[in-house]
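In structure tokens below, several structures.
Paired with chain B in one complex and with chain C in the other, chain A is shared by the two complexes that follow.
== the complex of A and B ==
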């Protein structure tokens, strides 16, 4: 097919994505300007009261900051765990690498709830982690892990490493083995080859995978809700409370709108930063 | 002669019942009743115990829509003024209050089609003219008697006993956004005289050392299975669910505000406004109140039957006796939340809970 045909075909998915995002953002914005009259009733008079509440109460900024921090840590850990996997898979034939890839992805095929409940079993006071630490005489009383951001990060990393690897895999596969061999032939150590050749060449995949993982983390609800153990708070949990417990749809829309804008803003500025630091010859 | 007459009358009665059943089966044949239910293991119980009797009586089919009561309320609000998304809905009493307030439920039921309602305490037969309650969730503390004994802790006799430092990290409390707000309302009423102010119960929550907070049954079961929880503040029904892990569980309720002897929340099954199957829905409700069904409710789920005959039967089992109220006077002594006061302050409660507990 010619490039001209692709250009025509691409309008359909772009239109679909733009409409779905645009319509959602528009609905969030419109509802965020209304006020709640309690339990699902909406007063359709335009007002900025929900945004005023968000701005005037530092609690919301704290929760948003915590959500961004948790998502950022998940991205960093996922990158550190995924990059070695993606680079290692380069050493196998495509067919064999795909088999290993399926094994990596299989761990994410499990239901989110089952996965989170599994982590609860592992991290509870009498679970294997506390059991091991006690057996090694490193602790006397169990460490309370559930209900901490650490537990949430652990659960999210488990869920997102396969996504990260999948996104990174095509980029690392495309790195020519001869580039690596040339670097080593010119006297670069394995670590030098990794940091000066392989990681820079993997950067487009790392940026894409990081942004996808970050966006998904910012909106993740099930895993944080279960592993928060009723004690930690992230933005999606706040949204769920407003939408499904209090039925304050305008406030839920306001929070969702703010979250969407923040994610879009961080994504856009990350892409801009990546483009800025990209070598000129690669642009 | 009287024996002969009795047999003839019985034969007539059986024939009449069969004829009536057959007539209903003809009237409702091919129809499907859409039931919005709590889902999960509860739905399995409904399918196994309520559906067969309902089908036998009406010949109609049943389709289930699973979800929490609040989710069902959301659907009803979304479909207001349109065709009902389901015919019957299972609700907790806080959500029933809101649904009635927003005119989402049918009122003026034909109680002649729900004859089993006669076995309920009078106030529960036709609440707000919208139908009967169908079970009572007794709320209190489920505790592991073996673990309490091993730690040399006396059985709890009041809410404050759970603040014992020896129970640090071993007491599970329901998240305020979960279904057990009547517990916090009762504690508020007892400690401050006002069930809606939330200060009394928040102070009490902060007196519990490192509590486990649960917002759903599977998480509670998983953490209880891990052995870290010795006492659960919640519904009596958990006794059934959790006993597989700890055979010596006990359920206690504490004297509450006024002369109340415990806390009770009512499960309610209601007909949705504009349901095209409203008459069929009456039969569903009647089947739910059937004595045999209600006994099974206590045995399998651990909820107290609203049907007094069923409660009396269940109470004969020593294991079930603490979970049911077998006389109407006992039921009337339960603290029941005033949703006209509690529902308007729910956003405030959740906000204060988030800042105090979800730090």
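== the complex of A and C ==
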């Protein structure tokens, strides 16, 4: 088909997205400038009062700071686990390596709800960790693990390691084997090859996977909500509470707007980073 | 000295990767272990061996599973059509504002699902209050939002495939007398079909587990598997929930293992 026929095809998705997502985003941005009259009703007078409250009440900044800190720790741990996996899958093509790849791919497809449930079953007061510690008489009363940032970080790392590996894998896979052999031929040990050849050449993948994971982590709701157990507070949980418990739609919209700006900022910088690392001749 | 040092590298790699794999599997193993035992409140280890938690699963879980599959299939079908059209237009249409249009079509992927859920909730309640249709708590409302998210998923995969597409094939077909429609159906579509299907696979997986998008849009008592599981875990965690979760993860494993070859080839192609 000719070009102008193909060009016309764009109207179907554009119209669909404009009439659904576009209108939804418009309504929610407008609501962020309105004020709540409680119980889901909205007073349609334009003001920046929600944004003023966001700045003046330090609670929101604290929760945001906590969310950024948790996301940062999750990214660091995920990177430390994912790089060895990606290097392992790059080096070995054994049956075990294939099983590892299946585990990673199956995990990435596995329901986040089910995976969070797994951590709840391990960490709850009647779970195996507390049971073992009690049987060994190390503790009298169970340690409350659910609701701590440690539990949320564990769950999020579990959630994002597969994504991290699958983002990093194509990059480590593309490293030319002859570069590695050259380093070894010149007398570098495996560790020297790792730090002077493999990690620097994996950097584009590491940077983009870290930024993608960070952005997804900031907006993650399912895992933190289940592992918070009503105790811990992160930014996405705060948004859900404003929308569904407090029924303050304007405040929920304002917080969601702030989260979106942060996430989009990180996503766009990851795209810019990908372009920066892209070899010149490939452009 | 050097050989031992070298061995150390491989040993560290084996151990770290082994621990990472155990870490990935551990929670799923404990979900399965907790599901075995008498129905009722779950604690570990279960008091006795029993599969009654499976045989007593209420039928409502079947309805909520079917609802989730139906929603996933309908939104994936919509996303497949819209995403493929968008990819074809972006790759071949010579659009003037190509960058702008592409980032617009990609935006549902980049905005957190939670934010999309909040936005659609406020959209639907505005529409209902303004005298329009009330889409809150309806599958129609859910499907509209899920289709918007499925579209970029299919688009991204098809767009990657079209970058390597040999457009002379279309010209050759038309040179041999095929109409534009025949060319598309008999030449272009068969070539991009695997990419469309892969995109659909990812879009379906995302839709069927998308709690933050659905949570705001389902009505009270409206069955939908991921939301029902999510709520049960928080408010009513019994062995039944573990049994349902075990079945869900078993089905996921079978589906992924079946699609594994296709998946790995897609990952290789996208890299």
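The criterion applied here is as follows: the second predicted complex is superposed on the first by the 211 of 283 C-alpha atoms of A that agree within 3 Å, B and C clash if a C-alpha of one lies under 4 Å from a C-alpha of the other, contacts with A are read in each partner's own complex, and residues count from 1 in each chain.
Here, a contact is a pair of C-beta atoms (placed from the backbone, for glycine too) under 8 Å apart; a residue touches a chain by one contact, two chains touch by 3 or more.
Here the structure is a predicted model, which means the values were calculated and not measured.
*Asks:* Between chain B (first) and chain C (second), which, if any, makes contact with A:9: first, second, both or neither?
*Replies:* After superposition on chain A, A:9 lies in contact with chain C alone.
*Asks:* After lining up the shared chain so the two structures overlap, which partner does A:77 touch, if you call chain B first and chain C second: first, second, both or neither?
*Replies:* A:77 contacts neither chain B nor chain C.
*Asks:* So, A:153: does it touch chain B (first), chain C (second), both, or neither?
*Replies:* A:153 sits against neither chain B nor chain C.
*Asks:* Which of the two partners, first being chain B and second being chain C, lies in contact with A:207: first, second, both, or neither?
*Replies:* After superposition on chain A, A:207 lies in contact with neither partner.
*Asks:* When the two structures are laid over each other on chain A, which of chain B and chain C touches more residues of chain A?
*Replies:* C
*Asks:* Quick check for you: in the superposed arrangement, does A:218 touch first (chain B), second (chain C), both or neither?
*Replies:* second
*Asks:* Looking at the overlay, what does A:128 touch: chain B (first), chain C (second), both, or neither?
*Replies:* A:128 contacts chain C only, not chain B.
*Asks:* Should A:233 be classified as contacting the first partner (chain B), the second (chain C), both, or neither?
*Replies:* Once the two structures are laid over each other on A, A:233 reaches chain B alone.
*Asks:* Pick one for A:247: touches chain B only (first), chain C only (second), both, or neither.
*Replies:* It touches chain B, and chain C stays clear.
*Asks:* In the superposed arrangement, which partner chain does A:105 touch: chain B (first), chain C (second), both, or neither?
*Replies:* second
*Asks:* Between chain B and chain C, which residues of chain A are contacted by each of them?
*Replies:* Of chain A, residues 40, 113, 117, 120-121, 126-127, 225-226, 230, 244 contact chain B in one complex and chain C in the other.
*Asks:* Applying the document's contact rule, which stretches of chain B touch chain A when the two form their complex?
*Replies:* Its residues touching chain A are 68, 70-71, 73-74, 77, 98, 101-102, 169, 175, 177, 210, 212-216, 218-219, 222-223, 225-228, 343-344, 346-347, 350, 354-355, 357-359.
*Asks:* Given the complex with chain A, which residues does chain C contribute to the contact?
*Replies:* Listed in rising order, the residues of chain C that touch chain A are 2, 5-6, 9-10, 13-14, 16-17, 20-21, 23-31, 33-34, 42-45, 81-83, 85-86, 88-95, 101, 104-105, 107-108, 110-116, 118-123, 125-126, 144-145, 147-148, 151, 155, 170, 180-181, 183-184, 188, 205, 208-209, 211-212, 215-216, 226, 229-230, 233-234, 237, 241-242, 245, 248-249, 252-253, 255-257, 260, 263-264, 267-268, 270-271.
*Asks:* Quick check: in the complex, which residue numbers of chain A touch chain B?
*Replies:* Touching chain B: residues 38-41, 59, 113, 117, 120-121, 124-127, 142, 144, 146-147, 225-226, 228-233, 237-238, 241, 244-248 of chain A.
*Asks:* Which of the residues in chain A end up touching chain C in this complex?
*Replies:* Chain A residues touching chain C: 1-10, 12-14, 16-17, 20-21, 23-25, 27-28, 31, 40, 81, 84-85, 87-88, 91, 100-107, 109-122, 126-128, 131, 158, 161-162, 166, 169-171, 173-174, 189-191, 194, 215-216, 218-222, 225-226, 230, 236, 239-240, 243-244, 249, 252-253, 256, 259-260, 263-264, 267.
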